[in-house]
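Chains here go by letter, A, B, C and D, matching the order in which they are written, and residues are numbered from 1 within each.
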Amino acid sequence: MSKSTTIQEAVDRIPDGAVLMIGGFMGCGSPNSLIDELVRQDKKDLTVIANDTARPGVGIGKLISAKLVKKVIASHIGTNPETQAQMIAGSLEVDLVPQGTLAERVRAAGFGLGAVVTPTGVGTVVEDGKRTIDIGGRTFLVELPISADFALVNAKRADYRGNLSYAFTARNFNPLIAMAAAVVIAEAEDIVPVGSIEPDSVITPHVVVDYLVAKEKDNG
Amino acid sequence: MDDKTLIARRVALELKDGDLVNLGIGLPTMVAQYLPVGIDVSFQSENGIVGMQALPVGATPSADLTDAGGAPIGALPGAFAFDSAMSFGLIRGGHLDVTVLGGLQVDELGQLANWMVPGKMVPGMGGAMDLVSGAKRVIVAMTHTAKGQPKILKRCTLPLTSIRSVDLIVTEMAVIRTTPEGLVLCEVAPGVTVDQVLAATQAHLIVTDDVSVMSVAA
Amino acid sequence: MDDKTLIARRVALELKDGDLVNLGIGLPTMVAQYLPVGIDVSFQSENGIVGMQALPVGATPSADLTDAGGAPIGALPGAFAFDSAMSFGLIRGGHLDVTVLGGLQVDELGQLANWMVPGKMVPGMGGAMDLVSGAKRVIVAMTHTAKGQPKILKRCTLPLTSIRSVDLIVTEMAVIRTTPEGLVLCEVAPGVTVDQVLAATQAHLIVTDDVSVMSVAA
Amino acid sequence: MSKSTTIQEAVDRIPDGAVLMIGGFMGCGSPNSLIDELVRQDKKDLTVIANDTARPGVGIGKLISAKLVKKVIASHIGTNPETQAQMIAGSLEVDLVPQGTLAERVRAAGFGLGAVVTPTGVGTVVEDGKRTIDIGGRTFLVELPISADFALVNAKRADYRGNLSYAFTARNFNPLIAMAAAVVIAEAEDIVPVGSIEPDSVITPHVVVDYLVAKEKDNG
């Protein structure tokens, strides 16, 4: 029951119109080989859930530049003028979510929780259209879980079964999205024998990883 | 010294030994350069590390270690890395002692607007809303005016970052503390008069006999 | 073979290659011994590990590696350890394919009671409520009766573990599937008749022409 | 600014009547040196928040046997007949919480969330006296955060600053309680130089740890 596949075959499984969660923070920790293959295969009308859209030509920014994305759910798009331009032109829908709320909403989906109850955004435009709840005299927003069809995860190391570990700030949203999508495709810099990652150092467990691909070496 | 350096040096005096501190991108990042000697502060980068430092001279950048702007950084011994949920658990859960953020507007209620200008600039709030809602202490570090117009207003006209009041506003002209009674002018910059601050401020400032001259970190 | 072994062997046939499985303490734990050849199943211990195995013969127990009952276990290559929030994230989040639990009562709605007898035994629910609410598939492995009294009832009289219907009930007498129409008798144990099962069951059982004889794992 | 202290001095800080979170699962991963010192100093009227009360003479069971506990918030007490006997006698209040809900309620306190929205317990006695919320046609319980005065944390390794790592199933509730208490006292088997635990392997960060003690070597 090997999960190993090629980058091309993994991306073949993603249809036009798919809802994708993609790891990374300003390009750091994004699955760049999978992103390049999405562009090569010209997947269209994607919904992308990610922290940000990086910069033009970097990480998720490549999908924006190629006009493959119809909707973005992110905390920040300010560093990518193409995202802003497409949003203003009306060809790209952007849903802005506070970063900590985005993290918890993705986690809630992966952890089977019904909602996130957070103080962040109360009394701001983030509250618009949402329920609030009073807990002990304080008002909180009720934010709904966010799930996806696919999670594209970037790992530092994977073992043959799909256990994953991450490096430094390249971890960011990767472990969260790996729990929250129907199909999880992990791209790893190194793929090592089972048992090489000690049990206490596995961050994403193999039981949630569906496909495993090796990162192209020139594509960090 | 220029305005930004003055502001960064003044803010640096607010940090205490043992603090966990998050510095926003831009001017706030400069604060780290002016930490008083003997003060051990841990800096969080909300993309996933505490213990960040500037990339040491001559060090090879790692693609896996960047600041929240995506630029290469280094890390000190004892640094620790974490995912985005833990990052904001530290922020929202009351573990972050201080956040220093830039501002577009602050009003008499101490409310900050710093994340969008409708119709002109919609970058997204990033971590700002969580930081202002969650940090124990929120310091706004910004220029006192923009194109000659006051940024400290009776009421913010831009969308708020949080309804929670910030704690301190540091500009190149003044240090202003928020209180339940309103904004209190605490310090004026060297060479700046109280009247000049009042003239550059739309909000009502409470002025007591205790206004002192701003001191800054070395 | 004794009743418990029969039940464990029958339940073992329900596990599929690649499944993540949580086995309750007691009878359910025995299921792991009878896994069919060629079936690769990962076992979760909810105190914090996937990839547990029985402590290998001759191995020194580690105080840091125990099952949910506190007894020493081993771990297979590729095992991973985690905290209690992650443990129940796997369970509640729909990542756990199968949980096998003991039962005090199951009723016609498929509802399980297995965590307390008011006034007599109040051990606490431990992870049972999360397991039944969250696992993709819930199998109850229990004796068909207790002291001669049926445990499969029209309605549970003991406090429920969850309002969610379990999926399958395996006893030493029968295999019963829950459906929206009610409990369906699927299999009877070798040497047991349908009438004997009906006599030992208070709940209404739907009996079709398809009732077969229970087969078990080697 | 050293956090290192002795077991005695650390426990000196805990007053009678304190609300304590204590790590461990059936004794595995409990801070046994701190527990022994609580017994030695005869701290009374404690509230203990923990997964379970282990067995008589084991881990948290020692506090029960010494009759130091007036209230337990736990998921399971069935393995400790003394807990059950004191509960039936009316000298010990027991609040039973589903294990996954307990984990999330502790986490919510530490992560600044207003509540946990979970399907677990809906329609059972766990629902009694609690609010429910309907999300997308499904009913969830609104469970409140649980915090404490002190967290007594058991770690495998600590560095001098208080960064912690854990081993195998001894991790359990320890990282969660370390985020949720006003004062965090960590007991570590090994205390190593700063930098010895790599940044990706730190589970509990030093910034939440207030005091650090070395485990007594005969007290695993």
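Here, contacts are C-beta pairs under 8 Å (C-beta built on N, C-alpha and C of every residue); 3 or more make two chains touch, one makes a residue touch a chain.
Just so it is clear, the model here is predicted, and its values are computed rather than measured.
Measuring centre to centre with C-alpha atoms, which chain is farthest from subunit B?
That would be chain C.
Nearest whole angstrom, what separates the Cα centre of subunit C from the Cα centre of subunit D?
Once rounded, the distance between the two centres reads 29 Å.
How many angstrom between the C-alpha centroids of subunit C and subunit B?
55
How many Å are there between the centre of subunit A and the centre of subunit D, using C-alpha atoms for each centre?
Going by mean C-alpha positions, subunit A sits 32 Å from subunit D.
Return the distance between the CA-based centres of subunit A and subunit C, expressed in whole Å.
About 35 Å, centre to centre.
Using the touch rule from the top of the page, what residues of subunit D touch 2 or more other chains?
104, 107, 111-113, 118-119, 166-168, 171, 199-200, in rising order.
Touching two or more other chains, which residues of subunit C qualify?
Each of 49, 75, 81-82, 85, 88, 91-92, 134 in subunit C touches at least two other chains.
By the document's touch rule, what are all the touching chain pairs in this structure?
A-B, A-C, A-D, B-D, C-D
Spell out the residues on subunit D that touch subunit B in their complex, using ranges where they run on.
1, 107, 109-113, 159, 161, 163, 179, 194-195, 199-200, 202, 205-208
Please name which positions on subunit D make contact with subunit A in the complex.
Per the touch definition, subunit D meets subunit A at residues 104, 108, 111-119, 133, 135-136, 138, 140, 142, 144, 165-168, 171, 199-201.
Within the complex, which stretch of subunit D touches subunit C?
25-29, 51-52, 54-55, 58, 74-79, 84, 87, 94, 96, 98-104, 107, 118-126, 156, 166-176, 203, 220
With touch defined as at the start, can you tell me which subunit C residues reach subunit D in the complex?
Those residues of subunit C that touch subunit D are 45-49, 62-66, 68-70, 75, 81-85, 87-88, 91-92, 121-130, 133-134, 159-163.
Any idea which subunit B residues touch subunit D in the complex?
17-18, 20, 40, 42, 49-51, 75, 77-82, 85, 88-95, 134
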